[in-house]
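Next, two complexes with chain A in common: one pairs it with chain B, the other with chain C.
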Partner chain A sequence: MSERLEVRGVYQDFGENRVLAGCDFTLSPGRIVGLLGHNGAGKSTLLKILSGGLRPTGGTILLDGQRITRKRRPQVAYMADHILLPGELKVKRGVSYYADLFPNFDPARADALCEELSVPGEQRISLLPKGMAERLDLALLLSRDARLYLLDEPLGGVDPVERARLLRMVLDFPDGERTILMATHLVHDIEPVLDDVLFLREGKICLQASAEEIRAQYGQSVEEHYMAVFEGGGGV
Partner chain B sequence: MRFSASAPIYLQVMDHIKRAIVSGGLRPGERVESVRALAARYGINLNTMQRACAELEREGLIETRRGVGSFVTEDAARLAALRERLAAELTEEFLARMAALGFTRAETAARLEKEGEQ
Partner chain C sequence: MKGLLKSAKWELRQGGSPAIFLLGGLIAICGMPVVALLESQAIFRVWCGMGIQVIFVMNCAASFIGWSTGPARVLERTAGRPAWQSLGGKVLAWGVLLAVGEGMRQGLTALYVERSRVMLAFAEENGLDVFSPDKAAPWLGWDAFGLSLLLGLTVCLWVAAFSALMAGGAPVSRTRPMEIGTTAALAGVALAAFWFDQAEKGRILPVIPCCAGISVLCFLLTCLLLEKRSN
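Take a look at the complex of A and B:
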């Protein structure tokens, strides 16, 4: 199977500080992948680079076998860990703002997702509670017709059980073709949602595996395995 | 449904469905929900649910008729074998746990017999 995303030797320096130290991994079409790592491991930096918003110091990134040129950029949809819409807009106006901003944006899908996520359309964005603003952001992201979706700590302000339920609901694309990469450090409740996981430590991918493989091979949940790998405790 | 950490989720879901078949929650010939609906019900990834369904189909417990849907098998021999296998697994597990507590098979059997009389 041809790979959706291929990342080879990507590294990133900020001055003296090496944030990413040579990342290598591939993502297949139709997979939901968790990018796990401690705060400061470089998760957000990696996503920013993959989104095209930050040029890496070095390395290669291929989407469906080709470099991500400006023209192919819309094939990658990125959601930062904070909402980017102007707060004075109402939700409904925010949706049409996105429609103007992004090609491949489907306003009907945005309306449907907002309804599914119970986002009030007439509310002003700046007045939305944090968790609700995050839901709106997620709905807007997933209304873009892209090949690869990058989510930085999605719904981080929503309580964990509800968060898992909402993610399960909306990440379910009918065509089974789209790849989703989401960075998070709260893995417990979203485990059943994930196909694969990437562990990022000290700027490198130290493990890439399917979540089911981890459970089968180590008899541990992804969370337990994460702790075993990162804290060095609970080893098998 | 809560998943245990130690086994692949697709196996746990398969097990849950098998138990439903044996206990009558899903009857022979009954239509099984779509993979998508099941994934939503169990709160799991679509690929994981797909795998569980594919395995159940491979084991002959679910039959898919193209364009119609999936159904619990009506093959009585197969259903009896499933019931037998689940019972054997449970017995095995029970005996192993009793053995771990220091009961011999004979002691365990005697205990069960006494329970049966009550």
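Take a look at the complex of A and C:
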């Protein structure tokens, strides 16, 4: 079975600043993967590159063994760390706008999810509280039929109850085929849902392993191993 | 092509706010008599030539700045929509809105010309030095319509290209590109008015081919800058 995503030698420069210094990793189908690293590690940059929002300075990215052309772009669903919909739109209009952009989007499912998550349809998007905007963004993301789902800090700025709710939605989503890659530094909250982890340090992936492997090999939880690697500066 | 039409649809929905038509109309109605009494031929000619369009052009320019430097373009890129479809749709939508604005301007100008004859005849009889409303006549008709539309779109595309250039083609915090874009828009409007006036006197290159050329260049440059940052 081919890998869902293959990333080879991806690097990103912003002027003289090298943010990503050659990332290599693969993602398998149907897995929930955590992209972990400290603030400023390059997690958001990596996700933007994978989503097509940013062109990498160099490197190769393959989805199901093929390059991600413009036509295949909608097979990668992306949720940024802030909502990207035009703020002046109301939620209902925002759903329609999203439907016009993405052919694999199910507006009926999105409306149902918004109702389930108590996102008011007549509220202007720019006036939504942060937690509610996150719920809307997640509802839109999960209403798309894509191969790979990228979530950038989906838990930031929301309360613990909200976090648990969002994580349950993510956990219930994969069907053995869809792959989810979540970037976060809230390791403790995300650990229960993770199948695999990627540690991003100094612009490179310094560890790729399953959560089970980390527990078995190091005798530590993912969070403990994360602290050891990033706080202690130790090896992986 | 579908992407271009969808982009136009959403731009019309967001840009065609009743407020800009109301504001433009009020300014045109109130402004024209005041401008006529200023005894400045250049200002009167500019007002009749551009007037209400300034409101629409500024709104269009603000929309183009926000798009080229904001998060919506990131969303479009992740959907695989090429920049030329997005920008082309916006140009189409604002072409329609500017055309409506121009229609309003011409209607109000014609109304002013008709209604002010009596007032200005009285003023002239009594030795007051004011403008004849007939000076507004060159700004009525299809030629004026086309020229005003082209000038408006040229200013907006110039603003979009300038903003995208300053932002390096990447989404940034809105403050700086908005400041630069607003400055560029004001400069563009003033320059367009001056150029329009001078071109009528045969002093510089013809307006239409130059505007068309600048528009195409700015369109291509904006698309290139925005695509440069994406796959």
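Annotations
Criterion: the second predicted complex is superposed on the first by the 226 of 236 C-alpha atoms of A that agree within 3 Å, B and C clash if a C-alpha of one lies under 4 Å from a C-alpha of the other, contacts with A are read in each partner's own complex, and residues count from 1 in each chain.
Keep in mind that, in the parts below, a contact is a pair of C-beta atoms (placed from the backbone, for glycine too) under 8 Å apart; a residue touches a chain by one contact, two chains touch by 3 or more.
Please read all numbers here as calculations on a predicted model, not as lab measurements.
The superposed arrangement places chain B and chain C next to each other on chain A without a clash.
When the two complexes are overlaid on their common chain A, residue A:Ile68 makes contact with chain C while staying clear of chain B.
Looking at the shared chain after the overlay, A:Leu127 reaches neither chain B nor chain C.
In the superposition on chain A, A:Met169 makes contact with chain B only, while chain C stays out of contact range. This overlay, made by fitting chain A, leaves chain B and chain C with a least C-alpha separation of 27 Å. If you check the complex, the residues on chain B that touch chain A are 3, 5-10, 36, 39-40, 42-48, 51. By the touch criterion given at the top, residues 48, 51-55, 68, 70-74, 76, 78, 80, 82-86, 88-89, 93, 97, 100-102 of chain A touch chain C in their complex.
Residues of chain A that touch chain B in their complex: 30-32, 164-165, 168-169, 172, 176, 191-195, 211-212, 215-216, 219-221, 223-224. Residues 6, 9-10, 13-14, 71-72, 74-82, 170, 228-231 of chain C are the ones that touch chain A when the two sit in their complex.
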